[in-house]
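Got some structures for you, see below.
Next, two complexes with subunit A in common: one pairs it with subunit B, the other with subunit C.
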Partner chain A sequence: MDKYILEIKDLKKYYKLPRKKIFESPKFLKAVNGVSFKVERGETFGLVGESGCGKSTVGQTIVRLHNSTEGNIIFNGRDITNISGKPLKELRKDLQIIFQDPYSSLNPKKKIGWILEEPLKVHKISGSSERKSRVLSMLEKAGFDKSFASRYPGELSGGQRQRIAILVSLMLNPELIIADEPVSALDVSVQSQILNLMKDLQKDMNLTYIFISHDLNVIYYMSDKIAVMYLGEIVEYGDSESVYKNPKHPYTVSLFSAIPDLDNKDKKRIILSGDIPDPVNPPQGCPFYTRCPYVMDKCKTVKPESKNFEKNHTVKCHLY
Partner chain B sequence: MKKNFNLIFGLSVIIFLFVFMFISLFHTPYSPTEMNIRERMQPPSAEHIFGTDQFGRDILSRVMEGSQTAFFVGFVAVSIGLIFGTFLGAVSGYFGGITDEIIMRIMDAMLAFPVILFALMFVSVFGVGIKNTIIAIGIMSVPSFARITRSGYIQHKQFDYVKSAKAMGAGPLRIMFLHILPNVISPIIVAASMGFSTAVLSEAGLSYLGLGVLPPSPSWGRMLNESQIYISKAPWFAIIPGIFITLTVLGFNFFGDGLREYADNTEK
Partner chain C sequence: MNNLLSIENLNIKFKSKKTYTKVVTDVSFDIKKGEILGLVGESGCGKTITSLSIPGLLPKDAIVENGKIIFDGHNIMDFNEKELTEIRGNRISFIFQEPSTSLNPLMPVGNQILENIVIHKKISKEEAKKSVISLMKKVGLSDTENMYKKYPHELSGGQKQRIVIAAAVSCNPALIIADEPTTALDVTIQAGILELLKELNAEYGSSILFISHDLALVNQMCDRIIVMYAGFIIEFSEAENIISSPLHPYTNGLIKSIPTESKKGKKLYSVEGRVSHLRENEKKCPFASRCTIAQDICFKSVPELRELIPGHFVRCFLAKGDKNG
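Entry: the complex of A and B
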């Protein structure tokens, strides 16, 4: 078996914007602008960045909720970028996604038991009674009482709902799970519970996660590798220890400087000015130059190539 | 909880009319078609509670028999509208884009066409009779169901539970009717209740014009038509079926409003 379960090559996702004038040439919103990475079997790959940087689009494109504009998605050695129909349906068993908002990801008119059974029914797996017993054993795995099967999502708390949403994604025994900000909508007190459940399940079921979040602490806690995204591109990538302890890219540095630290109150914070640029007209050269404190002339015209540090730590920046 | 007057009132009227119709299936005081010239145009009395018509037929019996027609027309026409309207609206709202454009423009064209005019054309092409009346009324109620269904689907298709169903491999039909439909059904049911009264009214109107139910089988609209020349001599002949039409329309409208209120209160 391959060491890498997933390989993304130069993935691009552009959204066509509605034209304002009839004869205007169409404009594109460049949500994902050339992203490449590899995910090893059994690891957790963290994808971090501020809102609007395209990290969720990457996730939803990998599970083929959107079609990509360019690039390749290779899953288990097979190019799945453009498959459709039956092979795509089969693929969906191995590739699942957990959404951010547990209040909208569970169908409000269906009982928990129905919601959990649905993936099995869709793929016509085993008979009715066996499906029901699998649902119950899954509920127990996550510490739920069996009676939850006959409750509606509206009767559950946010944390309980998110645990159910995780179970839904696991019903088909997937290999890779995209977790799209799975704890961002939850209270801090519940977050750790969800994260630990995810870690336990990863060990039990041999899962690989792509963990998307804007919360650096959560990412660091969960991930083996971290990729930092900015404006549709990965600007820094490396082992999570290396990126967390020794960030290189000015954007990553400023992100990490924003984490409150109780031990070190005099910590220097780097406050970025301005907003993330318009992804319809991304800056030429380095995407970050408009906000970078170390901006040089070169940054404005030349796109930085990725450079290697140590093993497995790459940065796209002209400073190095 | 505040009492839902609309729902209670509407439901009571519907139940009353339904019982009224149900009894007529097994028993009417007189035969609704039997003529009796000696007793023509009698005012309401103990013998004939609602009086008799120009042929001496018992109006109560005829109104009872007529309620069967009304319910039948309402039920079948609404079912046609409901099934096709919901399907077209679901497809239109869920897929969007060019599919949506095509379906909705056809629906718009149909909405712009007067119901009675369409029914007139339909009946003159395919022949007078209750079957064609029902089909015509049913077809014309499709657009309103389609519009209501479509708006629900447009709202719901962007929710994560739909994306999640897609990601697990569910097909579009399964997502549309198993996942989304239960969430958007309540306004459709309200529309069905309102549509019922519209259908009853349309049938009465068409029968009044002589295009609906054929004599001698009684229909409320037909009775109104027959009564108009006797309106000064035998006003009850026109008033009684008029009251029943009004009652049916009112009952289903109130019921629909009540349902909407009920759904709004429980869906929070």
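Entry: the complex of A and C
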């Protein structure tokens, strides 16, 4: 089997904006603008960035909730960029997504047992009684009592709902899970339960995760690799130790410095001026130059190439 | 007297079907002049209701049983609507979590700051406008003349929150209540807003009641921290004491469950169960059902908030001064 479960090559996703004037040439929102990465089997790949940087779009494009504008998605050695119909439905058995808000991702009018059984029904897997027993064994895996199968989502707390949402995604024994901000809507004391559960299930079921979050501490805790996104591009990528302890890109450095840290109250913060540029008109050259403290003339016109540092650490910046 | 605000024995309950749910129980604390006081707790712990009660903004179905809110020597609870209007936005101002809902979408942002000044100060519109422009510069907005005429939807989240802050400080309030002011914002934007709040605190000497669910954030901002759980203050001390030697099992668990650098590769601690509010007349420790060290006494009566170590208050029967929880 291939070492890499997923390979993304120069992925682009543009959204066409409505025309404001007749005869105006259409404008595009460049949500993802040339992203490439590889995900190894069994690892957790962390994708971090601020709102609007395109991290969720990347995740949703991989599971083919959107069609990509350009680029290739190669899953298990097979190009899945443009498949549709039955092969796409088959693919979804192996490729699942967990969303941020468990209050909106579970059908409030169905019982938990029904919600968990649905993916099996959709894919016509085994008979009714076997499906039910699978639901129960799944519930047990996440530390739920069997009686939960006959409850409604409204009776559960936020953390319990998110655990159910995770179980739903696992019903079909997928290989790759895309977790899109799975803990952002939860309180800290509950957040740790979810993170622990995800780690346990990963070991149990040989899962590969793409973990998307804006919270660097969570990303670092969970991931083996970290990719930092800014304005539709990956600006830094590497082993999580290397990126977290020794960030190179000025954006990563300021992002890491801005996180409140329990261990270190008075750490030095780099405060960026300005806001994230409009993705409809991203700056020419480096996407970060409008806010970068070390901006040079070159940055404004030339797009930086990826540069390799230690074995597995790449940065897109003219400083290096 | 260097206490700006004292809350004494505040009790608030809501009617739910046939019983009452106590949302705030026996809450007492002081805010000193010029201090940034942190109020931390998870969703539903009563931190927002406590803060809303200060300027009399509680929802209509909230029932205040007893309690005093002494602001500048007067009990706000006795104020009528007119007196309350006089202090709101003027002496006590609010910064809410979501800047896009706290601004009026149909009004240019400059006017929204202006409105507050014109209501509370007897100055002409021209003068007020000048001070709006200088306020906007102070909170770090550029191109202020143009920005003045813009509508909220034309600004980014960070810019909107800066407008809200400008409006909040426009009358030089004695107290700013900041309820999760950066939760809706990105980290790099958040850092700027926090810095701004600290600057304003240093420059105007306004006290800030800083409310957040994020312990690390509160630690970074505040001198003293109050931890709330299910409507009770369960721990209260200098920020340092709370973080480095928490006494209450809940605070301790909360700190252990936050992922930090040193916890990578280890299992995170988690506080099992869920928050449950005490019913009326129920006598037990609010945390007892989730507490790992709970004993019989915890289910029989409500612990008092006691000063275990000088300056360090905790509401727990079992906490000891020499070791954590």
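Operating definition for what follows: the second predicted complex is superposed on the first by the 314 of 320 C-alpha atoms of A that agree within 3 Å, B and C clash if a C-alpha of one lies under 4 Å from a C-alpha of the other, contacts with A are read in each partner's own complex, and residues count from 1 in each chain.
The working rule: a contact is a pair of C-beta atoms (placed from the backbone, for glycine too) under 8 Å apart; a residue touches a chain by one contact, two chains touch by 3 or more.
Bear in mind that the values here come from a model prediction, so they are computed numbers and not experimental data.
Enquirer: With both complexes overlaid on chain A, does A:159 touch subunit B (first), subunit C (second), both or neither?
Expert: second
Enquirer: Should A:182 be classified as contacting the first partner (subunit B), the second (subunit C), both, or neither?
Expert: Neither partner.
Enquirer: Could you say whether A:59 touches subunit B, subunit C, both of them, or neither, answering first, second, both or neither?
Expert: A:59: touches no partner chain.
Enquirer: Mind telling me which of the two, subunit B or subunit C, contacts the most residues of subunit A?
Expert: C
Enquirer: Determine, under the contact definition given at the top, whether A:196 touches first (subunit B), second (subunit C), both, or neither.
Expert: The second partner, subunit C, only.
Enquirer: Kindly classify A:269 by the partners it touches after superposition: subunit B alone (first), subunit C alone (second), both, or neither?
Expert: second
Enquirer: State whether A:109 touches subunit B only (first), subunit C only (second), both chains, or neither.
Expert: A:109 sits against subunit B, while subunit C stays out of touch.
Enquirer: Considering the complex alone, what residue numbers of subunit A touch subunit C?
Expert: Answer in residue numbers: 50-51, 157, 159, 187-193, 195-196, 199, 214, 216-218, 220-221, 244, 254-255, 257-263, 265, 269-273, 275-276.
Enquirer: Can you name the residues of subunit A that touch subunit B in the complex?
Expert: Within the complex, subunit A touches subunit B at residues 60, 63, 65, 88-89, 92-93, 95-97, 99-101, 104-110, 118-119, 122-123, 165, 168-169, 171-172.
Enquirer: Quick one: which bits of subunit B touch subunit A in the complex? Just the residue numbers, please.
Expert: Per the touch definition, subunit B meets subunit A at residues 159-161, 163-170, 174, 179, 182-183.
Enquirer: Within the complex, which stretch of subunit C touches subunit A?
Expert: 42-43, 156-159, 186-192, 195, 213-217, 219-220, 239, 243, 253-255, 257-264, 267-272, 274
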